[in-house]
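So that you can tell them apart, the chains are marked A, B, C and D in the order they are listed, and the count of residues begins at 1 in each.
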Amino acid sequence: MLEVKELACARGEQKLFSDLNFRLAGGELLQVQGENGRGKTTLLRTLCGFIQPLEGEIQWQGKSINELDEDYFANIVYLGHLNAIKDDLSALENLRVSSALSGSTISDSAAIAVLRRMGLRGRETFPVKLLSQGLRRRAALARLLINKAPLWILDEPLTALDVSAVGLMQEMIGEHLRNNGIVIFTTHQPLEVSGAVLRRLTLS
Amino acid sequence: MAINWFKYAAPSSFYGLAGKLVPWFAWPAAILFCVGIYIGFFVAPTDAVQSEAYRIIFIHVPASILSMFIYLIMAGYAALGLIFNTRLSSMMATSLAPTGALFAFISLWTGALWGKPMWGAWWVWDARLTSELILLFLYLGFISLQASIEDPRRADRAGALLAIVGSVNVPIIYFSVKWWNTLHQGSTVKLSGTSMHISMQQAMFTMFAALWLYAIAISLLRVRSIILERERNSQWVTEIVEMKQ
Amino acid sequence: MNKLSLMGLFGLVIRRDLMLAMRRRADVLTTLIFFVIVVSLFPLAVGSEMDMLRKMAPGVVWVAALLASMLSLGRMFSADYLDGTLEQMLLVPQSLSILVLGKIAAHWMLSGLPLVLVAPVLGLQFDMSGQALLILVLSLLLGTPVLSMIGAFGAALTLGLRGGGVLVSLLVLPLCIPVLIFGTGAVIAVTSGVSPASNLSLLGAFLLMSLLFAPWVSAQALRISME
Amino acid sequence: MNWLGFFEMKGYAWYIWGSYGVTLLIIMVEILLVVHKRKVVLQQLRLIRDAEIKE
């Protein structure tokens, strides 16, 4: 369970928002909304622990994330603006490296199955630099499927994705929520997940 | 505790306090500077070995000591800012750096002008001068690192880390340079071996005090601008006296 | 738990970085070629008098090694920073200091170790004696990892800044001076008939000290830069 | 007192006045720069405030 208490964040010396409170339990979906420059990305990065908030606290399962330190990271997957995949490696190698770093080993067949589900059939072993933008984003999204972390933090997950990939994304989020996961995301495109209640948080 | 020190740790209250303090440091600095010059040139006798040229040390020695001292103070402020997240101390560190660098430069410049008549060369690879040069590089590194980071918070924290690592390194650098100096020999020159006349000491201490007070005054003055720049979005900035025009 | 053993993590990061470097072998070679060219320039600039060259050799090789390792610092974190993989590395449930140490080790294998291996050949250009060559290699072996570690700190601080390449040299070079002094000091000692032991042990002390502190400090610097 | 002799400093005039002169110059320039910076900052602050008042 993620709990945010009286959170205030700043970019540079400019205060973006303050007094932010919310609590998310397993199975909940939160969309962070707001105009450009309102601090959507800053909020997500603060939730990841990259940025120390000005005031307030973020708690995971009742403990401050500063206290949990590295142990907190076992519970989150973050997908940022950048794909976080190495161009020189293949999608398969990228997946293997990132899963090894997160502490779990993944068999090649499982990794290939995940990549195929993401629509990379036949391209699993191509260097990523040969793939199109959309396919690269799909390769990046594959990380969500191999990681068992309960909290997904997704910053604009739908950029560069086509209609079928957006559908797939909605399906993946739905599955994750049914498995008692939590998803926090920002998007400029409509994203509808069947069978889930969408909570909205508007930064202004 | 009678005085609430933490009140002055807030940039808004420190801004006013610093403004009030500046003249209290600046005027004594100016007076002591004149007194120091007077003692240094009219009271202190001519040195038997170095003739009049030794009078450069009244500037050189205080500037050298202060440049090292300011680096440590700066690193201390920066560390405070990093550990306790007090923004004011980070601003003080930023404000001290240029003055420290200038003192390091003054020390090198006067060292060269003193070295030419004494050692016959503008520059000798003496341990002290070399360390001073490296200290200047450390200052320049700190200043340029902070200057190239847009986000003031990152600039504070990155600068602090650099200053701490730098101040740990300063003694290592000093001793390695000293060791290297004895290894290569040749250029080590014994500085003023004769005992100093009492008036020479007085002149040096007076100049030291003057430069010290000056450093405090100028950095307080500079930190006021830094505070205003960083706090420009706060309400209190629009309410200060200087804005009522 | 998802924690890897420290050795496991260390090895994993090294394997990853080496694998990436193998996809771009040219980058590794450029540092080495730069080193060779810089060292070879000196005789052309100052003349080919053997006595002088022999005297200059340790200093020239060491300064060139220092410059070459500066040149390669840009690769340590910035490529990973630009494509977002560094961000993900900061979000893994592992010790960041060990992860950074792994990256430093990989960087040293790719930029420091080749210099150490080529140095004797370059020393021959300067007519160094066999004993001096041995000590030169030994001093580089102890010293170049320290350069990589100090460099990692500088690279982490300047991550993503404009003009980062020049800036990192400005920050790092003054901190490297003790290593330079004792590295060349060891070779000079042996050529002038003194035992290089004290120089080498000081270099060893620097190596231990930086092994203790540099990964942690660089990890902090990375956290600051990623904020 | 012989002022000319004093300024000659037994032949060390260049070195001594070079040191003191440059030190004074540096201090003056630093003071000017800091005061100038303060003026610029205040000017910018007023500019922003006036723009907000107009709104």
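Simple rule for what comes next: a contact is a pair of C-beta atoms (placed from the backbone, for glycine too) under 8 Å apart; a residue touches a chain by one contact, two chains touch by 3 or more.
Note that the structure is predicted; figures quoted are calculated from it, not measured.
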Inquiry  = If I average the C-alpha coordinates per chain and also across every protein chain shown, which chain's average lies closest to the global one?
reply    = C
Ask   = With respect to inter-chain C-beta contacts, which pair, A-B or B-D, contains the greater number?
value = B-D
Query = Whole-Å distance, subunit A centre to subunit D centre, using C-alpha means?
reply = 54
Message = With centres defined as the mean C-alpha position, give me the subunit A-subunit B separation in Å.
response = 48
Ask   = Which integer distance in Å separates the CA centroid of subunit B from that of subunit D?
value = 16
Whole-Å gap separating subunit B and subunit C, where each centre is the average of the chain's CA atoms = 32
Request  = Identify all positions of subunit A at which a residue touches two or more other chains, and write them in rising order.
outcome  = 52
Inquiry  = If I count partner chains per residue in subunit B, which residues reach a count of at least 2?
reply    = 151, 153, 232
Request  = Just spell out which pairs of chains touch, all of them.
outcome  = A-B, A-C, B-C, B-D
Note = subunit A partner, complex, touching residues on subunit B are 85, 150-153, 230-233
Query = For subunit B, which residues are in contact with subunit C within the complex?
reply = 134, 137-138, 140-141, 144-145, 148-149, 151, 153-154, 157-158, 161-162, 165-166, 169, 172-173, 176-177, 179-180, 183
Ask   = Which bits of subunit A are touching subunit B when the two form their complex?
value = 10-15, 52
Note = Note: in the complex, subunit C contacts subunit A through residues 1-4, 9, 12-13, 16, 19-20, 23-24, 82-85, 87-96, 223, 226-227
Remark   = Listed in rising order, the residues of subunit D that touch subunit B in the complex are 6, 9-12, 14-16, 18-20, 22-23, 26-27, 30-31, 34-35, 37-38, 41-42, 44-46, 48-49
